[in-house]
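Everything on this sheet refers to the single structure shown next.
Chain lettering (A, B, C and D) follows the sequence in which the chains are written, and residue indices restart at 1 in each chain.
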Amino acid sequence: MINVKIIGCGGYGGLGLVELLLRHPQAKLQTLVAATETGMPMSDLYPHLKGFCDLPILPPDHPDAQAPADIVFFSTPDGVGQRGAAAELAKGSKVIDFSGDFRFNSADTYAEYARRIGKDPVHKAPELLPETVYGLPELNRAAYRPGQRLVGNPGCFAMSCLLGLAPAARANLVDPASLICDCKTGVSGAGKKPSPGHHYPARYENMGAYRLSGHQHVMEVEHLLGVLAGEPMPVTFTAQVVPVTRGILSSLYGTLRPGVTEDDVRAAYHAAYDAEPFIRLFDRTAAIGTAHVRGSNFCNLIVDVDERTRRLRVISHIDNLMKGQAGNAVQNMNLLFGLPETLGLDHPGAYP
Amino acid sequence: MINVKIIGCGGYGGLGLVELLLRHPQAKLQTLVAATETGMPMSDLYPHLKGFCDLPILPPDHPDAQAPADIVFFSTPDGVGQRGAAAELAKGSKVIDFSGDFRFNSADTYAEYARRIGKDPVHKAPELLPETVYGLPELNRAAYRPGQRLVGNPGCFAMSCLLGLAPAARANLVDPASLICDCKTGVSGAGKKPSPGHHYPARYENMGAYRLSGHQHVMEVEHLLGVLAGEPMPVTFTAQVVPVTRGILSSLYGTLRPGVTEDDVRAAYHAAYDAEPFIRLFDRTAAIGTAHVRGSNFCNLIVDVDERTRRLRVISHIDNLMKGQAGNAVQNMNLLFGLPETLGLDHPGAYP
Amino acid sequence: MINVKIIGCGGYGGLGLVELLLRHPQAKLQTLVAATETGMPMSDLYPHLKGFCDLPILPPDHPDAQAPADIVFFSTPDGVGQRGAAAELAKGSKVIDFSGDFRFNSADTYAEYARRIGKDPVHKAPELLPETVYGLPELNRAAYRPGQRLVGNPGCFAMSCLLGLAPAARANLVDPASLICDCKTGVSGAGKKPSPGHHYPARYENMGAYRLSGHQHVMEVEHLLGVLAGEPMPVTFTAQVVPVTRGILSSLYGTLRPGVTEDDVRAAYHAAYDAEPFIRLFDRTAAIGTAHVRGSNFCNLIVDVDERTRRLRVISHIDNLMKGQAGNAVQNMNLLFGLPETLGLDHPGAYP
Amino acid sequence: MINVKIIGCGGYGGLGLVELLLRHPQAKLQTLVAATETGMPMSDLYPHLKGFCDLPILPPDHPDAQAPADIVFFSTPDGVGQRGAAAELAKGSKVIDFSGDFRFNSADTYAEYARRIGKDPVHKAPELLPETVYGLPELNRAAYRPGQRLVGNPGCFAMSCLLGLAPAARANLVDPASLICDCKTGVSGAGKKPSPGHHYPARYENMGAYRLSGHQHVMEVEHLLGVLAGEPMPVTFTAQVVPVTRGILSSLYGTLRPGVTEDDVRAAYHAAYDAEPFIRLFDRTAAIGTAHVRGSNFCNLIVDVDERTRRLRVISHIDNLMKGQAGNAVQNMNLLFGLPETLGLDHPGAYP
């Protein structure tokens, strides 16, 4: 069994891990750590877990919080993982971090990321950056090395965009200056902390754009697309929030290069994804929405070409708390431990 | 493996069974039958099942629909099971019916039920009634006989009321003329068929009472409570619908008999439920709601006494599609096949 | 024109007044005061008001906040109005308070109320209590004196219960020991301040009971019902919250006294309400819900008798922010100034 | 007073007119006509109107349905207005049609529109097309002639896109081949008829794209933008539905032509809209959403430039049932009768 420690267990990311790992045949929850709401059992914070996960929530400085584990998830904001990862790795643990801390392989790239989002550009564990991997197996599996021990779990918006655009980028199907990502997220993407904008009466019946001046996930999208395409791929990115709890719907646009046909497009996507267990391709007449990935680790894609305007249009659907976060993290854990990637994730969610 | 046939697979009851049985270690989905939307794979009707359940939906008269199974679920309206059960039993199957058809052991009681709800009072398979069992294991486990092959799965509202009131009835704690069940259900309780009242714009921001002249689940509540109490237990029952998809919240009231104390009440409920795997008791200060049973087979109960008015007040929470329907049906299946009741059901649901 | 000052303009109560008074032909918004979010225009806090109400939100100690007005609304929590009302009255203003501060006519009754809800039992302006009036015109219009200058606007739950039960109490139709109020509110009833329980992901798909140990509105219900009935009328009261923003649905129960008929019940309710502009009676087959009072000052009542159990059952529907708060307050203002009670309130709301 | 007849009163468009005209100081509801749910009072169909609009719903062939009115609204699907308008005009009425029937001035353009959406391309009243006007006053006021008697009220999506892009088109700020309209609508845009996709359990927690193969509103967007720009302006258009009842959020993109600055953009929008009573411009840091136009006739625009990618991005917010339909229609009525455009519309809606 894989012994698991979760740092930041009290948020939706940590909760998602707990729910998934309770049903995972090879994992055992061992240690739960958080900065707030400590001292109580996890099931006091989340009463549906009563009888399933009554482990105490330990403060970071509690002696039991230091116990080594086979894997440590940092389900924490930017800045926490880079301070704590080295110590956990030194105990022999593997580490998967949910923030931007380990999504880039160089201190320079990190510094640019941090500057864009107004954070301290100096990484606190630059020596670890060369060995981290951007944890999107479908696009980046080849970059996981034997013995890989550190993963930067991607941003939720970023995954929805990257999975939707990567085959087009890799096959150079679209004009690199033409990309637009119009993304809508459910409210859980903002985390569990109450705020005026997500108070129920303020959020129901209310959809709108936010962070128009720049979202923290843009850079990792541009970075990986650029690598795949072999040339810079800037994107215009719009983050929007709608009154659902789970789900990201990303509408992705790019102008087809001259000569590229709809058949070329379909071929590229099928080649990229037909063997992927968590990607399903749908045709533009399919009556699907985010409800059809809710609670599952799937990314459902509608790959479409608007013939009149010669634009590629991909509609990408994920559950932001699953493929967008904890589900993808468990997929990463499986990969790190040589297990089938689908272990504990091989289910369709619940509907309605 | 238990081979499973579902008749009425296209509704939410059938879908719930499919989702649960896909993850059940001892069950195998074999045959799906429905009266409408036939000919397509189940995953065309419910796209989240793509790759998980692509079985065809067969019309009832299709030859393959006649194949015997170890268990047949009739997830169908009143009147279907009583016409089809005998044939399935004759093939050696066990049968669990989701309607009122097999909730009573005598044709007379059934006739009274049918009359109350304006249906034909003549049961079509009266010879089966003596052997059927009211399928609420927590209250009625003793009534399941060795080799039990027929179960009437209770109504969702009825389960929420019975689980909440049974210990008080059995211990004769409340005045039998004082019972009130104020019940609120999510919209999925009305099934998947569109209707003007459950069209999204008509239902959002709208809660109200319905069927004030009499709800079909009242009689089974009164019947079992009466049996447990040894005297008639009439209930005033109010069905209400609120804009959630899953969940029943029932507030249950009864006036304490003279001399009954709050301690007597707590003792009765603990005695009844401490060993039950799917019942959790909470205290009146617990911040719980229907979200905490969503997707799980639990019934969470707050057992309270209003001292000023000497009234027992029980707040009962279930997921109407789980403990209120498919989850309870799988629990019944486990019981019929000698498996642990919790098999395939031992999880807390997903939150948020 | 009636010059209006609103103290506590930033909450939903104050906002409701602003919206109603903007369209009121005899009122003029003059001064807005709040304890937080001061210094900005009201339309920065509520952007839909841009161009309609750009008045600054003044802190209570700002000189302009002291300006006299024809009427001052205290849309503030318990304890604020009793400290500030005397000064406003001394300037010649009339005062309508939204809290429990002026809902009782004696310091003793207030003390009992305050004790029940855990507040300081010593009223800060006991000399004003003899002249205040419980501001529910439909039931209490006779108590408003000529020159009435002080009104305690009732609690939202209390109004929904009182309007539903008063005719039965007044006509002594029900056993006084039998009353149960099962009340469900929308989330706006908890105000605009974010909290973990009303964070969108925590509240959607979640209904539950709260404050089971005692709700602050119970006492005013019992008090007025007792006065109307001429004997004590204790109530068992259950507060529940459901994921809608606006609306209270109260299901009210009482056992009919021997000999009382359904005709007696109907006669009592028609006598009480046929001339009331804001009360509409519906029959138990009406397909109505809280959506049909949303945005309006109406209370819609279904008056029903459950013949099997001889119980009166009234389903009461209001918009908690309108008849439950700001709408009723404007009705009170109209009454104090000798205007038609319906002025500025004579509209049906918006649907869907 | 303007006597009003509404044909198609039973849908959300007709209902919106009824609600607005009840409060309009110069209009009087006279005749309500519909093809279904006839014979009952309007207030039976919509109980919130009880006491406000109890007019009978007449079938089209009822003698009273033929009565002349000062204005006739056809709140009906494509094909109805073009069959009925001539008769109403002949009685001296003015006509405002809600469908695509009168949005184009030539039979050829209409035929192209009809073909795109799979309808009969032969217009039934081609003689009326030269005199109709595309009813978007903010962009097309100059085209209303003295005595104008026929108006094609625009499509809801079209209005949200046109109001957002017109100033850029008119000032030739963007590359004409670069336009993308990513549009999200609330469910009421699909009308009041129940359907599987908008059944509450299917629609809550579900956002998705639809009609990817072509939406009926695209052509009128391209048509007017082309006229304003003096060159063809093709758009890639994506319709999406999200679980809110009211609201359209359109994110509109275009690549700035070389040399165009952010100041040029702001100047163009201010010039176009500063004098418009129903357009409000917001800056990209404003925390606004569709809730802030809910129930009002406003279009709120965030006009933004993404400097990194040199793209114009406009976020356009309307209430699809108000500025997107009935509100704009009343604005048109005011214009036809020489009244201030804001009459009966000069209010901010209700929040929350």
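Quick note on the criterion: a residue touches a chain if its C-beta (ideal position, glycine included) is under 8 Å from a C-beta of that chain, and two chains touch if they have at least 3 such contacts.
What you see is a predicted model; the values in this text were computed from it and never measured.
Among the remaining chains, those touching chain A as well as chain B are C, D. On a Cα centroid basis, the chain most remote from chain C in this structure is A.
Mean C-alpha positions place chain B and chain D at a centre distance of 46 Å. Separating the centre of chain B from that of chain C, both taken as means of CA atoms, is a distance of 39 Å. Distance between chain C and chain D, defined via averaged C-alpha coordinates, is recorded as 38 Å. Multi-chain contact residues of chain C (touching two or more other chains) are listed as 12, 186, 188, 192, 201-202, 204-205, 243, 245-246, 287-288, 291, 294, 352.
Of all residues in chain A, those touching chain C in their complex are 12, 186-188, 192-196, 198-205, 243, 245. For chain C in complex with chain B, the touching residues are 177, 180, 182, 184, 186, 197, 201-202, 204-210, 212-213, 234-236, 238, 240-247, 249, 251, 253, 284-285, 287-291, 294, 302, 304, 306, 308-309, 311, 313, 315, 317, 352.
Here chain D touches chain C in the complex through residues 12, 15, 19, 22-23, 46-53, 188, 192, 204-205, 245-246, 280, 282, 286-288, 291-296, 298, 300, 347-352, going by the rule given at the top.
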